[in-house]
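Structures incoming, each one as structure tokens.
Shared chain: chain A. Partners: chain B in the first complex, chain C in the second.
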Partner chain A sequence: MPEGILCNKKTIDTKEQLDAILADASGNQYYEEMNHLDIDKVALWTTIRKTFKSRFKTWLEICAHCGLCAESCYYYLANNRDPKQVPSYKIKTTLGELIRRKGDVSNAFMQMCMDTAFAKCSCCTRCGVYCPFGIDMGIMFSYLRGLLFSQGFTPWEMKIGSGMHRIYRAQMDVTTEDWVETCEWMEEEWEDDYPGLKIPIDKENADIMYTLNAREPKHYPQDIAEAAVLFHLAGENWTAPSEGWEATSLTMFAGDWPACKMQVENVYAAMKRLKPKRVVGTECGHAYRATVIEGPYWAGIKTGQPPVENLHYVEWVAEVLRTGKLKIDPAKKIKEPVTFQDSCNYVRNAGLADIPREIMSYIAEDFREMKPNREHNFCCGGGGGLNGIGRYREERNIGFKVKRDQILATGAKLVVSPCHNCWDAIRDMEEIYHMGIKWTFLKPLLIDMVEVPEHLKPKEE
Partner chain B sequence: MYQFVTGPLLWLSFAIFFIGCIVRIICYIRGLDWQADRVAYTTHFSYGIKGAIRSIAFWLFPFGTRSWRNNPVFTVVFFVFHIGLLVTPVFLLAHNIILKERWGFSLWTIPESVADVLAVGVIIAAVFLILRRIALSEVRILTTTYDFLVLAIAVAPFVTGFIAHHIASDYKFWVIVHVICGEIMLIAIPFTKLSHFVLFFMSRAQLGMDYGIKRGGMKGKGFAW
Partner chain C sequence: MATAEFMGKTFTVDEDGFIDAYENFCPEWVQWVKTQEGIEEITEEHERVVTVLQEYYEKNGIAPMVRILSKVTGFKLKHIYELFPSGPGKGACKMAGLPKPTGCV
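And now, the complex of A and B:
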């Protein structure tokens, strides 16, 4: 069977296709079909010839096999220093071999590549920082994921994620109506406590346009309310778009390159339509990376910049605390030891390392750094889409050990984690390893800590 | 024979070496693609250059980066090896005498004792690198015969030069072997992994530009290598 019904080289572009693959519990049929999937070797090699250029070529060619990348990789450390987890080995035996064989590879080889690209690398790009040649294997694994996706070799959840973005322009099936209704609902729920609270949709020329992660309307609508409350208390003139509100991109993790472009252009269209002064994205690492860092290139913008200046949520928080638009009640500062989880996507890969430290200096009395930290921090263990993939649960949970030990070594009982992926990873880590810690986004912390200006307090009856 | 290997063959080797290196650099740059690499190389050239210089400079200094500091023994050996590899042949008195004879100019030279120390340093470092390849499982799994071959090509001129100068009774024979080994190395540079002689700078500059332009360089204060 060259092409499966669910597992094939076609992209998911209709609701029927999406429903069919969703109906396949845990992807059992999907993965069974993958065992018989043929490889279009000509197409694969053609794609490689068009996209495999001097950067990758040189990286694979000059690797001196020195092994300095080994200890940079949390998978290597978490798996008892298994040499098969050395980043250079992983990329050499997958992408390197694929190139050497000019795309003439077997189904089993492609599945091995998929398992390596997803369960042995979360594309955290830490190895590139430790390689004397600057060989960034995380970037190469992202590229490999793209080649695999084009041939139908992608984890079930990634295929679904790509389909979601193609159909809903969101990583989950949240329609425009669902989204707008959720905003209205949250506004009603919370306006008793915060009189005058509004979630203004599609307001043009606002100072801030807010973008977020589909899981917020889908699973954590209170997160939207909290964002609204904080904008409200800070006196911001803000809005959220009815279309183009979703800033994440599972297509980036999946390697569905054409859909990366579709997704980000949808967000950029909202920026152009509503003409805000700035855009603030929610507490999500990969949403920022997809929309702000990589997105402009997918959209073909030569400056490499999104149409409007974009801030990560931490940048906005630091700004309003710095300028006093939001004031922390000194009595409510965090007293217990607290640490901060640096997200690979906006710290190592976007240079925002100073910002969280500034925030912690305003809100915490006993802030403790993980070691290593900032640009050198380890991935939470759930990055690169791994949190969402059932097939690799066990590998992910082993990988968690590095972050677990890092957190425990700080002695902190609370981890501030302004990234959905890190937040999920730490939650699952606690469930598995019983570390006795709590974890939180910034929004709920701030809601409890900020001083509400007199005129915004609810009137006593 | 001596005249031939230090005459036409030397010319040829240098020609291949220089042209080869230049071609490698040109091919590298031509193969960069702002959209595929997702780095706006030309639009933000000044940020890019700043990032590139940082990315190269920190790595050129022993213990200049986190990776060097985490591996102190390797770092020392690495720098002993590379400094000896570059400094000895260029500033060796004997080489500069030939240079003066053949091309009419010479460079500043180092005392012979210093040259000996550097050369022995290269050889000892090479032995360490070989042992490291065998001893450490994370290096062993990566190692191929090609890695040993490349190392041999790089070290052979030092071993043979040292033998010719200090050990051998048959100086003429060993010096010819030494020259040929040196020429093999020169020719091998553009065609093998030794191309990192130039591609190290290209690759580091590229990642430096990536960090300098896209991954935070325009917002942060430069990547903490």
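And now, the complex of A and C:
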């Protein structure tokens, strides 16, 4: 049974394994090895029998091939209504066929499944809203990703992401020391402008525990400083955990089920250890999905709820603007036309659609909705891990056209995007299609707009 | 993979414009990325960032955290962004010939 050195059924659990796969730039060797990877058909069918339960079985059986899901899928729309992009076709020819053949499938079939599960579906779950039976291909493709991962068929970057989580409990190589030192560094760099600014680590019984995305300490530490400034200005009693601060889950996108549990339990352990009243997560869509929506089930929590009440960042922003903890300087409201990118993960999948509208009513004078919007909004085009996968760049960029046209139709030159993934997608979209737009998280916008209380202003020299 | 021709050299680049292999880094690559990133002039400070990234990468096989880049160069975060407007993880790593950082970047 040929197992590659880099592409194989083993998970990445050591630094040596991680270093080896990272050294294979773009995954050239990895994908070459994948061409020779055998399927352990017995193990695959055993996994299916244990995990393929009544909901998915029913969904696959009752699909009436009515085609109502077709127009709901942005890949179908962006690819000239190619019938092969109809969600029901995509799932029937992959997961459906895998079940029908009882796992007796070839390497080429598994690679086709991987290409479909990652490059023809971003798990945005929009199709589930339009199916008369509520059949959700996004959820089923997430499941298929898990089956593929168990057999070694996952994109190179996803395998790395899974390994990072297993080794660092973060999607990037950020240790506890790195994280805490970065917080200290951000305090130092920003305290001249915001005297008394602190990033309190491991404070017990705070009102808020803040969780993040590893990209923030690794590549964008200003995001941490901005969050701290806004908590500081709002007078919040807050903290961040030294461990369990990373709320994202590339393991979820990869389909590494055991590591999904490991990762989210690390975050829940921080909640239990520090006992905050509430948790606020950063401007990330999938961190919310992993921690709040899916996490409790991975962790086997019977209530289906995380150990502590969790808010997405937009909920915290709406609350502090509503209650006046943060006040917007009316002269600094956004004057130009501005639109909002609804993240699939916390708008469609968690029902937070009203919250961004409330925020926009406080900060923008000319807010323009994309059409469609709210739960019906289209994925940014980079969701489900797709932004980070080089192998599918062309497919992603074609899919971008739907979001591009939605944004352009609003006439807005600024897109507010409180989701790292959407933010990255819109950045890349601008780079590729030269739309003449800007994009932003809420944090830097708010910092420029809020009134700083007199006692928190820097003293004049 | 796509190619880019510049100053008599041909570079193979990945889907995001990063060089195909660290070994192919050369001074012309720096000039090419400069034009791509809209950087007016390569200063000693740009070169310092590139050197620090490369030294770290050669030792660790991955790009450093921004904190390490700042500590070793002595540059504040805002200054790193002044040097590389698209950020340390994108523009600076690209100029240094490092592979594109993986994950949500």
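Following the convention adopted for this analysis, the second predicted complex is superposed on the first by the 460 of 461 C-alpha atoms of A that agree within 3 Å, B and C clash if a C-alpha of one lies under 4 Å from a C-alpha of the other, contacts with A are read in each partner's own complex, and residues count from 1 in each chain.
Note that in this section contacts are C-beta pairs under 8 Å (C-beta built on N, C-alpha and C of every residue); 3 or more make two chains touch, one makes a residue touch a chain.
Remember, it's a predicted structure, so these values are computed and weren't measured experimentally.
Within the superposed three-chain arrangement, the count of touched residues of chain A is higher for B, of the candidates chain B and chain C.
Of the two partner chains placed around the shared chain by superposition, chain C is the only one that A:218 touches, whereas chain B remains out of contact. Shared-chain residue A:173: touches chain C; no touch with chain B.
Of the two partner chains, chain B is the only one touched by A:68; chain C is not. In the superposition on chain A, A:196 makes contact with neither chain B nor chain C.
In the superposition on chain A, A:161 makes contact with chain C only, while chain B stays out of contact range.
Of the two partner chains, chain B is the only one that A:59 touches; chain C does not reach it.
Once chain A of one complex is fitted onto chain A of the other, the partner contacts of A:420 are limited to chain C, with no touch recorded for chain B.
Chain A has no residue lying at the interface with chain B in one structure and with chain C in the other.
The residues of chain A lying in touch with chain C in their complex are 19, 22-23, 25-26, 157, 160-161, 164, 171-174, 178, 181-182, 185, 189, 213-215, 217-222, 248, 250, 387-388, 390, 393-394, 420-421, 424. On the side of chain A, the complex with chain B involves touching residues 51, 53-55, 57-59, 61-68, 70-72, 76, 81, 83-84, 86, 88-89, 92, 128-136, 293-294, 297-298, 300, 302-304, 348-354, 372, 374-376. Within the complex, the chain C residues that touch chain A are 1, 14-16, 20-22, 61-62, 65-67, 70-71, 76-78, 87-89, 99-105.
Taken in their complex, chain B has these residues touching chain A: 27-40, 43-44, 55, 59, 66-67, 70-71, 74, 133, 136-144, 147, 193, 195-196, 199-200, 202-204, 206-208, 210-211, 213-221, 223-225.
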